[in-house]
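Report on the following structure.
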Amino acid sequence: MNRKFYCDCELDYQVMSDSTFIFNIAVAKTENQTIVTENLELSPELPYEESLEPIVNNRYLKVNVPPGQFKLSYRSQVDVTYVDQDPNQIPETLPSDLPVEILKYIYPSRYCESDRLLRLAQSEFSHLQPGYSRVTAICNWIYDHVTYLSGSTNSQTSAFNTVTERTGVCRDFAHLAIALCRALNIPARFAAGYAYNLVPPDFHAYFEAYLGGRWYLFDATRLVPLEGLIRIGTGRDAADVSFATIFGAIELTKMQLLVNSLDEEKPEATTDAISPA
Amino acid sequence: MNRKFYCDCELDYQVMSDSTFIFNIAVAKTENQTIVTENLELSPELPYEESLEPIVNNRYLKVNVPPGQFKLSYRSQVDVTYVDQDPNQIPETLPSDLPVEILKYIYPSRYCESDRLLRLAQSEFSHLQPGYSRVTAICNWIYDHVTYLSGSTNSQTSAFNTVTERTGVCRDFAHLAIALCRALNIPARFAAGYAYNLVPPDFHAYFEAYLGGRWYLFDATRLVPLEGLIRIGTGRDAADVSFATIFGAIELTKMQLLVNSLDEEKPEATTDAISPA
Amino acid sequence: MNRKFYCDCELDYQVMSDSTFIFNIAVAKTENQTIVTENLELSPELPYEESLEPIVNNRYLKVNVPPGQFKLSYRSQVDVTYVDQDPNQIPETLPSDLPVEILKYIYPSRYCESDRLLRLAQSEFSHLQPGYSRVTAICNWIYDHVTYLSGSTNSQTSAFNTVTERTGVCRDFAHLAIALCRALNIPARFAAGYAYNLVPPDFHAYFEAYLGGRWYLFDATRLVPLEGLIRIGTGRDAADVSFATIFGAIELTKMQLLVNSLDEEKPEATTDAISPA
Amino acid sequence: MNRKFYCDCELDYQVMSDSTFIFNIAVAKTENQTIVTENLELSPELPYEESLEPIVNNRYLKVNVPPGQFKLSYRSQVDVTYVDQDPNQIPETLPSDLPVEILKYIYPSRYCESDRLLRLAQSEFSHLQPGYSRVTAICNWIYDHVTYLSGSTNSQTSAFNTVTERTGVCRDFAHLAIALCRALNIPARFAAGYAYNLVPPDFHAYFEAYLGGRWYLFDATRLVPLEGLIRIGTGRDAADVSFATIFGAIELTKMQLLVNSLDEEKPEATTDAISPA
């Protein structure tokens, strides 16, 4: 299924000291995401440097900003291809068949301490049929046991906290799901993106699991249709894909996002398995 | 300075079920490490698959092993080039000058929660002159405050624990040093290797900090000479460079390492800055 | 129901420096526990001081011990009265009816971080009928989700760890149960005692919950009959009732316990509610 | 030194459901604190029940409150005797000389995990002369290493967090000091009270250490004079002395405190050791 989106992001800052911003807000150019048009405006019009993270293709924009007001405005039209598949046909990949470059996605990371969730994951999910449906079961478990509550967590909250504290936002839902997948030797990675129909509009966090030789989209929050997810970046957890890494004293004074579907038929919830590649 | 080493590693396992081993025990082939001779023996003689992690060049050996005894024997002769430099001439790299592929080494990871050590790192080290000597100060602080004690920690121990519990082994020393570096925006990564003169012989963990545009070797344990470190692998922390990732039921029954210096002049402690590249 | 027990405890230590021992190994003298005979032998025959903790009646034996071998031998015959009740008739006590001296047993303590388990306790147990059966449900949940495994935890393990790591020993089972009770405003306290039929013989940890105006015995491990529990001490958690608090350098070289039932009819598992008072 | 204070506290609540409040806001009646006049007003004029915690004399006021506005107003005039002593004459109490009822104040508690700070406490403070001055050194260390910052912590923050995160409010300063004292076998307890000259006016948290057979006042925040501390309650940590334990749905809409010194000579900072008894 091909879909067209328009993404718009405006970020305003009050900069107190000479600062370096490394933004990760541009839509990723991947096999299944084609940028049709794209526009970046900085005010003041400062020079910036774009670079690409190898393999995962996260795009970084680095800008050195003097004190004063600073504004970034990014607009993009993007074509995204989603592959629909029958969830029942998607197996887990045996550890012996995992490509080496995928291996790191079963290791624990800062916010996904899978090594501390082994027994819990075993006791809750090891009796289930391996495959796509087992990751769905993890998402359902999180949806049933964790309450989505803005402001209930902070940037230090990790899966080990969330599994007990039972509350969080999209990044916490993703971290817990990833940690549980990894505890079962299912490679899983964090993704950040634009999301169609997210209310209120914001950057969204979800995750991808590696099954049957490719990555599939999952979102334990159930807040948006999977076919409305447009990837900005991916990494081992939120530590890798902050929308802005900032060195300096600044204040974010405005953040405004807009995601439109340019198709007649709008993205909707589905029970199909959706692969971004 | 060029140095020649002989590394020998024998691992014996009792395998209880069909298992997949992914070893990371071969000396890395890098710009400054040349394998002169190398020999790997498996008993029984099972087929194995070697693969290379992109960029950092960690070498993975994957073997599927049936139940029974299993033995790996690895021997290697390696030439290593160490670059000696005057520590006083090595600056820190400004965040605005950090290459994008280095960026991930200032982000927190599973065992190096730099995000939770910001104030401590600031209060202990921010008044110091930036540069190589500041990383040395971090190593000295750890050496002075943390006791090396075998068995005092486990595979879940992280920098946040060690900074307060004040005891650990080489991997804990490395994790804490890395976390403190990152908290000061100094990129730092974990390294595992063979180490000349380590008593008792074992795989060793140390770290590298990115200063003045290149990586430098550091070891807060002060157990071995820096010019006796032969890299096997590097990663964000110990999660990435386990010497064996194993899927299956096994028991390690023997582990024996040997590292010889093949030069007349043996490696010794130095106060020079040593770069592996 | 009245029951007679014989308890025997021998502790041998190698004492390396002048040390102070504060033992908490004598059977508590309470309304329902009557010491028939009791004998304490120390070797060497050192003077000791006995004192009583107010309200809960824990008995402390303080001994100053010089370097060398040290041996404590305690023997006691004790009559214990257990009150059997119909579990279905036992309500929870409304917070507004809790006596002030009970209040502290709903507050979090070192190993029972009830404040971090509020949502989990709510989501798992708030839909259940308040009363004795709800505490039973907590015990069942722990029994079903946590694996009893010697050596899997240490003296720093707390309920917050156990609820996720899903493994532990009797003290961990008790801590988690207490934390979950308190998270539901059910007062709960830790108890240490001799236990009939515990294999292998050891001091045992269990807990008491305050329901319908009195304390009831619970043991989520299901290892021993409730009517075989002879209390040594009680407190907010294990921090309060260590069998020995020791100041000095010592090594425990032997620990041997024996608990006999002196009745013809031996204690057995029961589904009755058992109150120790 | 005798001092006279006037304490005034007003708490306004919006009560959403039938709620039980257990207040701990009345000045404690102790050997050194005499209530001259006291007045409690509730609006609406609801019946309340006062009770006294044994030994430490915390006073609890229990009120059942229906939905609507609820206001508590407490006024008290109190005479406090402080004993001034020469800090250099105050030894630590040997563990062998500790009274049994004091013992619990060296055990770890929810927010004072002294068991996890043993090595840190040893390495920082064990070389110092035992006695009052060592507790002062602990306070100085905290004052130097931890930043007082409103809102930087929450009700779950404990000493183990604060020692690394290096920021907190008065309760965090007290928790860390208590944990460090206990790690050195110095009994220490948490205290909450009214405080003269606290800006902005609020309930204050400080701590008491047991030295030379009696309790002494300490406050690592240095925010107020020790001779301006009027005790409300004491306990093992903040879990025990919340100013209000509330069962029900409420919102605190106003909190206003006032503490006046009724003497001509106002309390000032001192380097004397001050005992409240």
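We call the chains A, B, C and D, going by the order they appear; numbering starts again at 1 in every chain.
Please note the rule applied: a residue touches a chain if its C-beta (ideal position, glycine included) is under 8 Å from a C-beta of that chain, and two chains touch if they have at least 3 such contacts.
What you are looking at is a predicted structure, and each value in this text was computed from that prediction instead of being measured.
Novice: Which chains, if any, touch subunit C and subunit D both?
Specialist: Where subunit C and subunit D might share a partner, there is none at all.
Novice: Mind checking the centre-to-centre distance between subunit A and subunit D? Centres are C-alpha means, answer in whole Å.
Specialist: Roughly 45 Å, centre to centre.
Novice: Taking each chain's centre as its mean C-alpha position, how far apart are subunit B and subunit D in Å?
Specialist: 47
Novice: With chain centres taken as the means of their Cα atoms, state the distance from subunit A to subunit B in Å.
Specialist: It comes to 30 Å between the two C-alpha centres.
Novice: Among the residues of subunit A, which are close enough to touch at least two other chains?
Specialist: Expected reply: 116.
Novice: State which pairs of chains touch, listing all of them.
Specialist: Pairwise, the chains that meet the contact rule are A-B, A-C, B-D, C-D.
Novice: Which positions of subunit A touch subunit C when the two form their complex?
Specialist: 116-117, 119-120, 123, 145, 147, 160, 163-167
Novice: Can you list the subunit C residues touching subunit D in their complex?
Specialist: These residues of subunit C touch subunit D: 20, 22, 51-55, 60, 62, 64, 94-96, 99-101, 103-104, 107-110, 112-113, 115-116, 155-156, 185, 235-236, 239-240, 245, 247.
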